[in-house]
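The structures come next, written out as structure tokens.
Paired with subunit B in one complex and with subunit C in the other, subunit A is shared by the two complexes that follow.
After this line comes the complex of A and B, so read on.
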């Protein structure tokens, strides 16, 4: 939890008015919208279009900054001439995102780290700079949410530009950043908080395992039958990674006709056998146990070592989407049990 | 159900104890909600993890294609009637040899809550040609109207169908869960992964998605046994099963053929037989 720069109180109806104002100004507004039973971020013109009840969106927040596919270069060879390359601008229209969840916002921090590590990714960076995130505390979680075990839980404000805590007759807004302050100027009827507002209770996401125990066990168990046991049922698809808010691997492909075409960046995933296949035919991760292990190690060990934070925020999407019924919480609980058993015997 | 679970455990234990098989691929409850997922019993004591109930909708046949599973040795596998059909296709396509497999059939009166669509039209409630069968014989006539949804789609104009599929397939994120769960998608290197030349664009844009989903359906024509797994696992809820169903209907009408009814059947697109194929064709 971070101390907000400013706290404001707004009456019911504030959101409707804000969206109206932003749309009149021509600002792009994205919010969770339900279509055919699935809730995803889509452009809205009015707050009425927003989904009333949703635990989280199907596709994670990351897609707004790191889309599933995007063109990063175009090339063309006019008849007989040289190949001409042309750069492509990131589609980075100023955007306000309303209704993002604490887990997904915390995941943006993970993406920030990666996309500004040794190279500043311009496509990501431009969109990031032009996007304002309005996060909302979760009043409901489902059985697969486990943010309380790995991240700040359902009321975490970190990562939001403005964080909304619904109250009985409106909301308490926590203004977290400069971008948030700028947005707050468009909010009508906002009064400074008196300090005795009572936000409605957030969803209970109690701790289901002790996350501090995970890394120690991973450090010592690269080679272990555990990985075979947990991976046999995995099908090796991309569902869990593509829909994970922190997974950020991508593939680069050229698509062209006989004369010209484009270079694209697409989501990729370490669960695929092809992911690490070398041209020689050698595959350093030759089986699903090494691939499942990598996905978990990356989130709970390698990322921690490199960047000092975990790369899992407990959104539970990988559990919801897995066709094989793989469940990362069960795997993590098993690890903490194994850890307890080893430390107990030591 | 409890009785079936007990019978299954006993059978599995006997097979593992006697080393008739090296592993038993079955179902078992996992996690807090007891979801029935694949269980791989490799030691006699593992059989306690096995179970059977009306939620065993997964088709475990896919695991017989996974090198990691094959490495564990000779398998026994728990199958419902529909899953048994998948084994027939795998055997007729020489993916598996019947004698390398111990089949534990389970007579099944349908799975899922509510009952899955495929179960209403099922004609194989009692799997045949198994090494063991659990449960009582089921008498349950298949309902009519198996292809009603395909019929509705056929009623639409070309433009309407194009709009429908553009919207639906436009959502595909190319996670390939549909392929990975399908027992018939066993190619070591899928056509979508071949890039010299690139046959199918891998980007999740409509053009690439159309090529992908259509080529996959083509490759399953006369092979898909309608287990519905591809559609079930699709995280974007794309009704891909409907494309396969259309082709299943065509194969039924044109060739009077349904895939996986026996293990020596002649598949319409994988058989070259001068006596059957009297068309001059291009050769």
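After this line comes the complex of A and C, so read on.
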């Protein structure tokens, strides 16, 4: 939890007024919208379009900053001539995202790290600089949410530019960043918080495993039959990675016709058999067992060692989407138990 | 007040290659061609020995290729490419004068400062000689800065031997101890036969003052590393270069991730002591 720069109280109806104002200004507004039974971030013109009740969106927030596919350059080959190629601008229209969940916002921190740790990624950076996130505390969780075990939980404000805590007659707004302050200028009827406001209770997500102990077990169990057991339930389809708010691997491919085309980057996944396959035939991760191990190790060990934070935020999407019923919480509980057994503290 | 567009402080052309022209192409083995390239903007590539570039063939994509020439040879640079996948096969069909795209150089390259004053034992297996050659020629062009130079080179058969003119020059160079072997000879082969570790057996090296620089296929590392250890080489006196299916080359796409390391940025050159406990390294 971070200390906000500013706290404001707003009455019911503040959101409707804000969206109206932003749209009149011509600003792009994204919010969770239900369509065909799925809630996802879509452009809205009015707050009425927002989904009334949603635990989280189907596709995570990452897609707004890091689309599933995007053009990174274009090329053209006039007949008989040399190839001409040119870069493209990232589509980075100023955007306000309303209704993001704390888990997904915490995941943006993971993406920020990867896309900036050495080189700064052009496309990600331009969108990031032009996107303002309004997070909302979760009043409801479902059985697959586990943010309380890995991240700050349902009321975590970190990662938001403005964080909304609903109250009985409006909301308490926590203004977290300069971008948030700018947005707050468009919020009518906002008054400085008096400190007596009582936000409605957030969803409870109790701690179901111990991440420190998991890291300890992973440190010592690269070679273990456990990974074979885990992999037997993995189809290698990549759905978990695509819907993971922190997974950020991508492929770069050319798509062209007889004359020209474009280079795109597309979401990719370390669970795919081709992900690490060399042209020579050598594959550093030749079986599903090594790939499942890498995915889990990367989230709970390698990323921690490299960047000092976990690459799992407990959104539960990988559990909801898995066609084979793989459940990362059960896997992590199993590891916690195994750790307890090996350290003799069971 | 409308929200204004904000500029980011990112590398504007991170994924945009620079055009380069193929100045010269030479078929060096039945499967490898040596491409001499010049960047169209007239600049030097500015690489370190051991670095790589992402080669663009529009319509085919990109592939990571080691730079084979030494930065001491200015103006152009060389890539030695095996026709193995779709991009490299297409590249083999390109004539002199054709344009390709180049991103990079990327990666760390060999630490030429650390090696100064040291005896160097180069061990190259097969196409592993390609990146090694950039360092060998760098050392030979700065002869006074480095100690005793030994080069061991092995291929599966005589047909796969690369850079034959240069090998001859190394053989005739009195300051270089050059030895080579093939796994299987043919009717014309009169040289040494056997895997590369057999060359190590009758070599007199001083492990205390020598750095071994090893580049080859995964299987070669396994045996050469064992052999070096039996000759009392310290782990931190062994330098290796790893191959990975790199896509972005700038530490983002995740394809070359191994433990907490990005091979494209933290490598491809590693001190063996740093990665010896990583089971996926070789």
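Here is the rule we go by: the second predicted complex is superposed on the first by the 344 of 346 C-alpha atoms of A that agree within 3 Å, B and C clash if a C-alpha of one lies under 4 Å from a C-alpha of the other, contacts with A are read in each partner's own complex, and residues count from 1 in each chain.
Please note the rule applied: a contact is a pair of C-beta atoms (placed from the backbone, for glycine too) under 8 Å apart; a residue touches a chain by one contact, two chains touch by 3 or more.
All values derive from a computational prediction rather than experimental measurement.
By the document's definition of touching, of the two partners only subunit C reaches A:87; subunit B does not. By the document's definition of touching, of the two partners only subunit B reaches A:242; subunit C does not. In the superposition on chain A, A:58 makes contact with subunit B only, while subunit C stays out of contact range. In the superposition on chain A, A:253 contacts both subunit B and subunit C.
Looking at the superposition, the partner that touches the larger set of subunit A residues, subunit B or subunit C, turns out to be C.
Once the two complexes are overlaid on the shared chain, A:302 sits against subunit C while remaining clear of subunit B.
Shared interface residues of subunit A, touching subunit B in one complex and subunit C in the other, are 251, 253. In the complex of the two chains, the subunit B residues touching subunit A come out as 30-33, 35-38, 40, 58, 62-63, 66-69, 173-177, 179-181, 193, 198, 201-205, 208, 229, 232-233, 235-237.
Contact residues of subunit A toward subunit B in the complex are 36-38, 58-59, 68-69, 143, 228, 231-233, 235-239, 242-243, 251, 253, 255, 264, 266-267, 269, 272, 274, 287-289, 321, 323-327, 329-330.
Only residues 22, 25-27, 72-73, 75, 77, 82-83, 85-87, 92-94, 96, 114-115, 117-122, 124-126, 128-130, 132, 182-183, 185-186, 222-223, 248-254, 256, 261, 263, 265, 268, 270, 275-280, 282, 284-285, 290, 294, 297-298, 301-303, 305-306 of subunit A touch subunit C when the two sit together in their complex. Listing the residues of subunit C that touch subunit A in their complex gives 1-17, 19, 56, 58-63, 84-85, 88, 98-99, 101, 217-218, 243-245, 247-248, 250-255, 257-261, 265, 279-281.
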